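Working notes, beginning with the structure itself.
Chain IDs A, B, C and D follow the sequence of writing; residue 1 opens each chain.
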Amino acid sequence: MSSPLLEVKNLTISYKIKSKIVDVVKDVNFKLNKGDRLAIVGESGSGKTTLALAILGLLPKNAVVKSGEILFNGINLLKLTSNQWRDIRWRKIAMIFQASMNGLDPVMKIGDQLIELYIYHNKYSSKEDVKEKIVEIIKKVNLSPTVLNLYPHELSGGMKQRIIIASSLLLNPDLLIADEPTTALDVITQSEILSLIKRISEERNITLMFITHDISLASLLCKKVLIMYGGTNMEEGELREVISNPLHPYTKHLISSLLEIENGTLTQSKKDLSTYISFSGCPFNLRCPYSDDICKISYPKPIMVNDNSRIVRCFLYKR
Amino acid sequence: MRKNRLGLSNIAKSLIVIIIIIIAIIGGYIFIKNQNHTSPSSSTTSLFSTSNTTYSVSSISSNITLTAGFFEDVTSLNPVNWFTISDLDVLQLIYNTLVEVNSTGLPAPGLAQRWTISDNGSIYTFYLVHNATWQDGYPVTAQDVAFTFEYWKKYHFPYYAALAALIKNVTVINNYTVEVQLTHPYAGFLLELADIGMIIPKHIWQNVTNPYNYTNLIGDGPFEFVSRTPGVDIVLKANPNYFGGKPHFEYLVIKIFNSVDSALAALQSGTLNLIELPEGTNLQPLLSNPSIHIVTTPSTMIYYISMNTQTFPFNNTLIRQAIAYAINKTQILQLAFLDQGSVANSVISPSLQYWYNPDVMNYSYNTSEAIKLLEEAGFHLEKGVWVNSQGQQLSFTLLIPNEAPWIEIATIIKQQLSQIGIIVNIQSVDPTTWESIVIGTHNYQMTLGAWRLYFDPMLFLEPSFDSNESGPNGLDFSMFNNATVNLLIQKALQSSSLSIERYYVYQIQYVVSQQVPWIMLVYGQDIWAVQGFTNWQPVPRYGLWYYTTFINLIPSKG
Amino acid sequence: MEIPKDNRYLKIPIYLLKSVKGGLGFTVILTFSILPFLRSFIVKYNPQTVGVGLPNQPPSYAHLLGTTSLGQDVFSQFISGGLIPIIVGILTGIFTSFLVIIIALPMGYYSDKLSGKFIALLTDIFLVIPTLPLIIILGVYLGPSVFNQVFVLTLISWPFPTRIVSSQVMSLKERGFILSAKACGASDMKIMFEEILPNVTTLIISNTILVIIFAILFQTAISFLGLGDPTQIDWGNMLYYAEQSGAIANGEWWWVIPPGIGIMLLAFSFSLLFLRIEEIMRDY
Amino acid sequence: MAFKGYVVQRVLFFTYSFIILLLLNFLIPRFMPGNPVSRFVNPLMSPQAQHQILEQFGLTKPIYIQFILYVKNIFTGNFGISFLYYPTPVIDLIEQRLPWTLFLTGTATILSALIGIVLGLIAAWKENSKLDNMLVFISMMLRSIPTFWLGLVLLILFGVTLKLFPTSGYFSTSFIIYKSNVIVFIGNVLRHTFLPLITLMAYLIGGNLLIMRASTLSTLKEDYVTMLKAFGYNNRKILYSHVLKNASLPMLTNIGIQMGYIISGAVLVEAVFSYPGMGLLIYQAVLARDYPTLQGAFFILTLSVLIALLIVDILYGILDPRIRR
């Protein structure tokens, strides 16, 4: 096996909020091989979006990377200069945001924005070639080329998301991060977008990192899953296995609530955020039915189980 | 690079294009307008011709400009339908009057080289100079004089009603002799003509249908009208054919200044040659500038307090006298006028030497006299306030225009009167409102004012103190009603010689000073700043602003 | 449904004073409002008394800021001159915010109805009228007095904050808690004044401060044009007298500079308060 | 199309405002105390003479006839004859003054907008840096300085003491008399315009900078800015190609709203620098109760503000495709 495309090692990121420092991502570890499709599942506030932003170097000003590294093709992304980023962002790593609906400049035509993007990264291409290429890609995402002459506000949310997907294909990236790409879309559009992402990543052999709060959506796209809670990776493994045999109490909770069809989502009031993160023990221990004394004191370490195919972060599994 | 195709460049480009368009349009417009300006009239050809005067400087006079300053722009430049004193000041440089005044303020030859007066004082015969011409080449003749006099009678021009009523008929004896018969003897006739009697050319005005807004200014004076930009400037050009001599400069530009400050700044920067500054201007910085000359000339300006003599408390002569004693005029002169002027007593200014009566009541500062008079008037002090037996307090409102020097003077008066327990409230309004109250309705208690007197004192005494003039819009705004003064005014207006008129004018001054409808404060002084020119001869009332000054002024060397 | 009550404005005074900006601004304003009353302890000259010194004298030990053309003490005038701008500014601010409440709430709340549109139209028209010419006309018409200045300035300054507040009201009325209050049958009046008003109060306060700054600057401008009450001592009047007597061309800086600095300090102090309130709105 | 509807709506607003202003414009001057003759009074002016002048001015006619004449005059583009500069037609006065005021205010508005936009953008991008704090401090200072006082100080410093710039007027008088070439003339005009322009701009730059800074800060929080960063664009590119355009839009509206205010600033500046523009004309017309000039000038001034507003609105419509409400 070759070296992984993306490797996140011991990554801890904290935010400074009103002179308090809060760890949002804590000691996250995972690997992503070329061609893999990994789902990162977790409820809101679990640090998954921060993780994605960190990979693209887009952390907000009040965020601090405390420790760890993000290796992309062996390069530590956390140490890049802004010039070096230019070669990575969108050329190597593209991202579809949760808020991609608002991700387009409202006062510029779609076509112009795509042309601008392409020319920025390929300085010496002729305009005709670029147009041709863009029309081709627009067709690929099932849109009519006439949208190129429209402004973002004239498109529906789904159409805008398709434009973003198209733009991510424009430069043939190695890694595509899709952060909740279907939130705020209706169910039909949702499945269309997901199947589009799936089709494209298969066709072009793009490595995919799919971030969602909905494990059922993850199952449509991905083979592997990483469950996040409280800023860290709780469980990792083949998606099928994880669903059929959840090891971590949180995963069990997630799956059971899914089965009970409680809306498919777990909402947690944001007010709890600080309570569990400032806590030195296991972040899940307050809600964990198996909570023990040790869970309140020390932070669990990831443990390989089931012939190293699964990684779990829980004191229930020792050795 | 295509990179810059979008974003910044779009906005920036469009904005820059807009700026350029705006600047270009406006700039182009201004320039074209200015180009039109620069070719004043058909007489441009004479612009570079050397004049025929004997001074050696005349050879360079063709491109010398005298820039003068006015604080009040002219309103209506029309020799018969003018409105303001500024108008008159400019018009008198373009149009001659039959009679002028000499440096003592008495009649002197003008367009008429001499005149005779019949024994009863009602027939005047004028003998005109023979070499006067209109600026379009026609000679000035007796026809023009007769035409002008009849023109005043024919139309209702604001300032000529009195003259029109006075003139009975006009006879042309020959081309250069004209005889005027008055309805009654009036010695002031000549002086009135010297003030406002500008003669207009018959050949032009006889065809005019609406003389009220006719703007063609062909005159016979030392200057020709070139252009006028309202609020900015008036440009006049020397008349090379003027019978009294040609000025030693080519153009006279009158710039309009909005404040003393901007005029002083222009003086200091050397772009202004001649201006009259108001009394109370701090002259120290100008005096230290070697190129600026300060010339003070006697002025006919009088500054006074007027009181409404029909209402409490000023319907009592004793109160008016008491106030007159309680005001320290010397302090007012020192502070508000910076000693530029002199303390006043009579209503006629001493610069009208012939008419001024020095022996009038002199209310020199004397608070004990003031207190005595107040007590005599039935007032007594009660907790520091003067109260009379009916319980009325001696406090009143001093209404002033919100301009210099009124606010300063009012502040001083308020302070002086408060020292003897008289309470003054100052109310200041804008000048037009002030005039509509004081002159329009006379609905005030006390106010401050100033007049610039004409050569004929009756032009001022009659409207100001004759009780016939105390109605709405009348100028007897102190509502002064005194039978003696009324009678004296009637006599003065019928006098057949200047000395008889002077007798009555002396009497009027005395009675008015005794009755004090006005408390005379200060006689003004004309302060002129001159730079770049020498050789001036002041004239009373006009100071340096008289056509003779402009004939005499010589550009200084360097 | 949760009803958000925005009560931050109640704490504004505390937050204001607790910060450097707010404290500094407040101190300067307070100083200029108190100084006129303490004047007699600081200088022996009455600001209006003429001839306490020779006219047009530069600063000296006896007259710290020299004298005017009437021989009045400039320093004494300077420390007395801040009160009227402050009074006019604050009164204008108060009256304007009343007007804003009365006009902007219905204007935003009924923005879809004809009445709301009509008020909006009127507001826009007032925005278009050139301000100063109108001030001059009204100033001449009403005559000079502090109250008239407040009246004129209020008349001029209400449209701008009204527009800002009404657009905020427009966005608020679509929010859930307003819709639910409506569904509960609350009257329009009740919704406007009990639900919406508390949520725009902070915005109104910050705009009021802007109006105060505007009023202070324009009050001095009115005085400078000679349309003020010349018997009052204020900084604008000082500049008016200075200009009338040629102090500027004669370089009498001691008479021209201090009033301008005073106005600037005052307006700047209110700007500091404004800045602080903006911070409070953002952070708390 | 939506844009067309937007334009129609703006034009409608324009028309309503126009009609209301027409009425106000007639009524306001006539409420002022005093009449145009008051200013002319001197010892020769008898009540009869005053009446004669009023008659010449057409003020002895009943008020409704005056109103009909006024409306007729407005629609024939003739505002009557000035009382103050009798018998100059008001339209000539306006023709003389308006270009200068437009030149001064137009240049000041556009230049200060450009400077405000660039500096505001930079300040916001470097939020809380030393540069940002300094720019904010300076612009707050500029906004706190009374315009006319700044004018006076500049006048003392550069006009009177250093004599670098002329102290009054829009060009030297000599140009009225002697011909000169275009470049010298333009140079002279620019020298005369410099101080008033700087004074007027000082205030505007302060406000524009603060507004631009605020609007840039809120634009920077928009999602598409993050997206543009993810696209790999460098800061310059993001700032100048995208943020600038989006953040300038509120500025544009603001300039429209400020228009009436800018004209006011111009009145003070004109008064200080004796720059005979529309502002001074109005000021003098008010003091002299010159109704026709006052009405004409006020009308034209308001009309130009309305037109500027219309241009700004339509420009906004062009620049911002979202406009349709």
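Keep in mind that, in the parts below, a contact is a pair of C-beta atoms (placed from the backbone, for glycine too) under 8 Å apart; a residue touches a chain by one contact, two chains touch by 3 or more.
These figures come from a predicted structure and were not determined experimentally.
Q: Looking at mean CA positions, which chain is nearest the middle of everything shown?
A: Taking the mean of all protein C-alpha atoms as reference, the closest chain is D.
Q: Ranked by contacting C-beta pairs, which pair of chains comes out on top?
A: If you count contacting C-beta pairs, the leading pair is B-D.
Q: Please identify the chain with the largest separation between its CA centroid and the CA centroid of chain A.
A: B
Q: Using the average of all C-alpha atoms in each chain as its centre, how far is it in Å between chain A and chain C?
A: A distance of 52 Å separates the two centres.
Q: Centroid from C-alpha atoms only, then distance chain C to chain D, rounded to Å. What do you get?
A: Those two chain centres are 22 Å apart.
Q: Per the centroid of Cα atoms for each chain, what is the distance between chain B and chain D, given in Å?
A: That pair's centroid distance is 36 Å.
Q: Would you mind pulling out the distance in Å between where the CA atoms of chain A average out and where those of chain B do?
A: The separation of the two C-alpha centroids amounts to 89 Å.
Q: Would you give the residues of chain C that are in contact with at least 2 other chains, written as numbers and ranges?
A: Counting only residues that touch two or more other chains, chain C contributes 140, 243, 248-249, 251.
Q: For chain A, what residues touch not just one other chain but two or more?
A: 108, 116, 120, in rising order.
Q: Hunt down the residues of chain B that sit against at least two other chains at once, touch-wise.
A: Residues 3, 6, 259, 262, 265, 268, 429-430, 432-433 of chain B touch two or more partner chains.
Q: Applying the document's contact rule, which stretches of chain B touch chain C when the two form their complex?
A: Of all residues in chain B, those touching chain C are 259-265, 267-268, 280-282, 284-285, 331, 334-336, 338, 402-404, 407-408, 410-412, 415, 426-430, 432-433.
Q: Show me the residue ranges of chain C that touch chain D in the complex, using the header's touch definition.
A: So the residues of chain C in touch with chain D come to 121, 124-125, 127-137, 140-141, 160, 163, 213, 217, 220-221, 224-225, 239, 243, 248-249, 251, 253, 256-257, 259-260, 263-268, 271-272, 275.
Q: Can you tell me which positions in chain C touch chain B when the two form their complex?
A: 48-51, 55-56, 69-71, 140, 143-144, 226-227, 229-231, 241, 243-252
Q: Give every residue of chain D touching chain B within the complex, in rising order.
A: Those in contact with chain B are residues 32-35, 38-53, 56, 81-88, 93, 96-97, 99-100, 102-103, 106-107, 110-111, 113-114, 155, 159-160, 163, 166-179, 182, 185-186, 189, 237, 240-242, 244-245, 248, 271, 273-274, 276, 280-281, 284, 287-289, 315, 319.
Q: Once bound in the complex, which stretches of chain A touch chain D?
A: 56, 58, 82, 85-91, 94-95, 97, 99-108, 116-117, 120-121, 151, 153-154, 164, 167
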